[in-house]
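Several structures are given next for inspection.
Look at the two complexes coming up: subunit A is in both, with subunit B in one and subunit C in the other.
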Partner chain A sequence: MAAPSSYKDRNFLAVIGDEDTVTGLLLAGIGHVTTGANATRNFLVVDPKTEIEKVEKAFDEMTARKDIGILLINQHVAERIRYKIDMYTAAFPAVLEIPSKDHPYDPEKDSVLKRVKKLFGE
Partner chain B sequence: MSGAGNREAVFPTRQSLGIMKAKLKGAETGHSLLKRKSEALTKRFREITRRIDEAKRKMGRVMQIAAFSLAEVTYATGGQIGYQVQESVKAARFRIRSKQENVSGVQLPAFESYITEENNDFGLTGLGRGGQQVQKCRDVYGKAVETLVELASLQTAFVILDDVIKIVNRRVAAIEHVIIPRTENTIKYINSELDELDREEFYRLKKVKNNKKKALDEADAERAKLKEQEGEEGEQLTITGSDEPADILADEEEKDVIF
Partner chain C sequence: MATQHELDELQDELNLLIISYLDLFDEYQASRAELSRALSDGFFNLAQANFNAPNRVRYGEDMYDNRMKALRGVGIVVDENDVTAYTLKDLTSPPEVGTPEKADPEATSNLDGSDLGSDKEKISKSADQGDSDTPNTKPEGSEAALTLVNPKADPLRWFGILRPMALGTAQTNFVHSLPPIMKLVSTLSDIEYHEKSIRSLRQTVRELRKELGVNLIDESVEEPETIPGLDKLSISTDKAGDGIIDYDRSEDSRAAKGG
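Right, the complex of A and B next:
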C-alpha cells in the first residue's frame, strides 16, 4: 500500500509524445523545467527518428522521479517500448496512454485495459 | 490436504484442545470478515474498471477535439509554434494534488487538478497573429488534461485495488484451505488422543483392580494354607504337649480348621 509520503509531493504531470501532443499539453500548462546544474524537463518530444534507447531512458527517468504523479505517453510511442510499459505495475506515477493526432486510440493495445480484460476473462 | 501429517505440533492435552477450538473460531470469524471485505472491494473494483473503460473512450474523443484545435492554431499562426512553446516553458501552471479515499480500509489516492494562476509562460505565443486560437487551444487542452487526470486517478485506484484484492483473496484462500483444515485436524487428533488416553486409563484401572483382586485371593489362599499348616503344627504341638501358642491361635479364629 502506498505510504502518504509516496504521493503527497507528486504535483506534476509528465509527457512523452509527438510534437503536436506535447505542444498542446504544454499550452495547457503542464510543462515544468527545473533550473540549476541538472536541469530537467518533464516532457520529451519523440519523432520517428528518435532512438528507442532515448525513449526508454526518458521513461525510466520520469517514472523514477518523485514529483511526477501522472505520466502521459502517446500510444504509438508506448507501442515502441511496450515491454517496458507492460512490466511497469507501480501505482505512482500512473502511466496513461493517450491518443495522438495521427494515431487514433486503440483500446486493444492499452496495458491497463489488457489487464482489465484479463481479470474478467474476456 | 487432510491426514495425520497436516496438523500442528501440539501435545494432546485438554488445554491445547481449548486453544485449538478458540483458534478455529477465530479463523472462521476472520474468514467471513475477509470474505466480506473482498466482496466489497471487488464491487468497487468492477465499478472502477467500468468507469475506466468509459473514460478511455471519452479521452479518445476529447483528445481528437484538442488535436483539431491545435491544428487551427497552426493554421492561424501560420507555422509551427511547437519549438517556441517548448522553449518558453518554465514552471507548471497546471498541477495536481492527491487526496485519499477510504474503501473498506484501503487508502485509494485520487488526483485533483488545480491551476496556479500566477505564472503564464506563453504570454508571447501567438502575439503576432492567432492569439485567440492559441487561447482557445489552451482552454481545450486544459479540459482534456482534466479528463486525463480523472482517468489517471481511476487507473491508480485500479492498480492499487488490484493488488489489495489479490492479497485479500490469497488470505481468504489460505484461511479456508490451510488454516481451518489444519486446526480441525489438530482438534481431531487431540480428541482421538484424549479418547485413547481415556481407554488406556480405564483399561489400566481394570487391570489394577484385577491384579489387586488376584493378589488378595492369593494372599487369602496363602493364609489359608499357612493356617492349615499351622493347624497341623498346632496339632503336633498339642501332641507334644506345649499347648500354649496353639491354643491362642485356635481361640482367635478359624475354628473350622480345627477338627
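Right, the complex of A and C next:
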C-alpha cells in the first residue's frame, strides 16, 4: 500500500494541451501558478509549432512535481511523446489522455483498450 | 494436496473477477463518453464566445492571469489493495481544524462525482432536512467543489466584464467535465488492480491444473484466453467524440442468410 506521504499533498490537476483545452480547464478553476522566484505553472499550451522537447520537458517536470495528483494531456499531444507516456509507470500523478476540439477521442490509441485486448489474447 | 474442488472454486473466483473486470471496462467507457460530451459542449461554447467576442479578441492564453490560484483540485485516497480513489476537492475553503489525517474512504467514495446528475437532488434533499445543527451551510465535498465559493477568484474575471454569455456556459461545461475525469482515473486504478489479480489467479489455476494432471489445451484458463465475439468489438467515435461500441453483426447476418 502506498504511503500517505506519497500522495496527501497532491492537490492539483495539471494539463498539457491545445489552447482551447487549457483555457477551458483553467476556466474550471484548476490553474495554479506558484509564488516565489521560481514560479511554476501547472499547465502548458501546445500548438503545432511547439517543439517536442518543450512538451517532453513539461511532461517530465509535471510528473516529477509532488503537488500534482492528475496530469491531463490531449490525446494528439500524447501521440507526439508516446514513448514517454508508455514508459511512465509511476502511480502518482495519474496520467489521463483527453480529447481536444480538433482531435476527438480515438479508442484505437487508448492504452486501456489495448490492455484489455492483450489480457484476453487479442 | 490440491483437490478438484479447490480448482473449481478458484475457477469460479477467476470467472467472477473477469466479470467484474469487464464491468469496470464498461464503466470506463461510459465515463469516457460523458467526458467527451462535456468537453465537446465546452469547446462549442468557447468557439461561440470567441465568435461573439467584442473587438475580435480571442479568449485564450494572452488573457490568463499569471497570479491564478487553483479553486478546484483533487483528493486522493488509497485503499489496502493500492486501488486509488480520486475525488474532486474544493481548494478555496481552508482546511478544517481537528480534521483526522486519515480520510474516511466511505465518506469520500460518495464524492467522486459519478452521479453528478443527482447533485441538485441531493442539495435539495439536504435543504429539506434542514441542517440546523451545523452552522456551515456550504454544500459538502464535490458539490462544494462544483459551485464556486469565492467569486472574486472566478477565472471568468480574467476575460473582462463584457464577455459573451457563452463563455460562462463554457465554464459550466468544463466544470462538469471534472467529475468524469475523477471517475476515469479511479476506474483506471481499479482496472489495473483487477488485471494483476486476474494474471496471478490464472497462474495459480495453471499450477493447480498441472498438479492435478488436468489437460491444459482444451480448457478455457489456458492463455491466450479469448472472449467469443471480442474480435468483432470495436469502438467508434462520432463527431462529438463520444465513444460508441459497435458490434459487427455482418458476419452474423451473413451466417443467418446462408443458414
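Operating definition for what follows: the second predicted complex is superposed on the first by the 118 of 122 C-alpha atoms of A that agree within 3 Å, B and C clash if a C-alpha of one lies under 4 Å from a C-alpha of the other, contacts with A are read in each partner's own complex, and residues count from 1 in each chain.
In this section, contacts are C-beta pairs under 8 Å (C-beta built on N, C-alpha and C of every residue); 3 or more make two chains touch, one makes a residue touch a chain.
Treat the numbers as computed from the prediction; the structure is a model and nothing was measured.
In this superposed model built on subunit A, subunit B and subunit C take up the same space, so to speak, and clash.
When the two complexes are overlaid on their common chain A, residue A:57 makes contact with neither subunit B nor subunit C. When the shared chain is aligned, subunit B and subunit C each come close enough to touch A:42. Of the two partner chains, neither subunit B nor subunit C is touched by A:66.
In the superposed model, A:19 makes contact with both subunit B and subunit C. By the touch criterion defined above, A:89 lies against subunit B but remains apart from subunit C after alignment on the C-alpha atoms of chain A. The superposed model places subunit B right into subunit C at 77-85; the other stretches listed in 77-85, 131-139 or 221-229 stay free of clashes. On subunit A, the surface patch touched by subunit B in one complex and by subunit C in the other comprises residues 1-2, 4, 7-8, 10-13, 19-33, 42, 45, 69-70, 72, 91-92, 94, 96, 98-101, 104-105, 107, 110, 112-113, 115-116, 119-120. Considering their complex, residues 21, 25, 28, 32, 35-36, 39-40, 42-43, 46-47, 59-61, 64, 66-76, 78-82, 84, 86, 89, 91, 101-102, 148, 153, 155-156, 167, 170-171, 173-175, 177-178, 181, 184-185, 188-189, 191, 195, 198-199, 223-227, 230-231, 234-237, 239-243 of subunit C touch subunit A.
Those residues of subunit A whose C-beta lies close enough to touch subunit C in the complex are 1-2, 4, 7-8, 10-13, 19-33, 39, 42, 45, 69-70, 72, 91-92, 94, 96, 98-101, 104-107, 110, 112-113, 115-117, 119-122. Those residues of subunit B that touch subunit A in the complex are listed here as 49, 52-53, 56-57, 59-60, 63-64, 66-67, 69-71, 80-82, 85-86, 89-98, 100, 106-107, 109, 111, 115, 121-122, 125, 134, 137-138, 141-142, 144-145, 148-149, 151-153, 155-156, 158-160, 162-164. Across the interface of their complex, subunit B is touched by residues 1-2, 4, 7-8, 10-13, 19-33, 41-43, 45, 69-70, 72, 89-92, 94, 96, 98-101, 104-105, 107, 110, 112-113, 115-116, 119-120 of subunit A.
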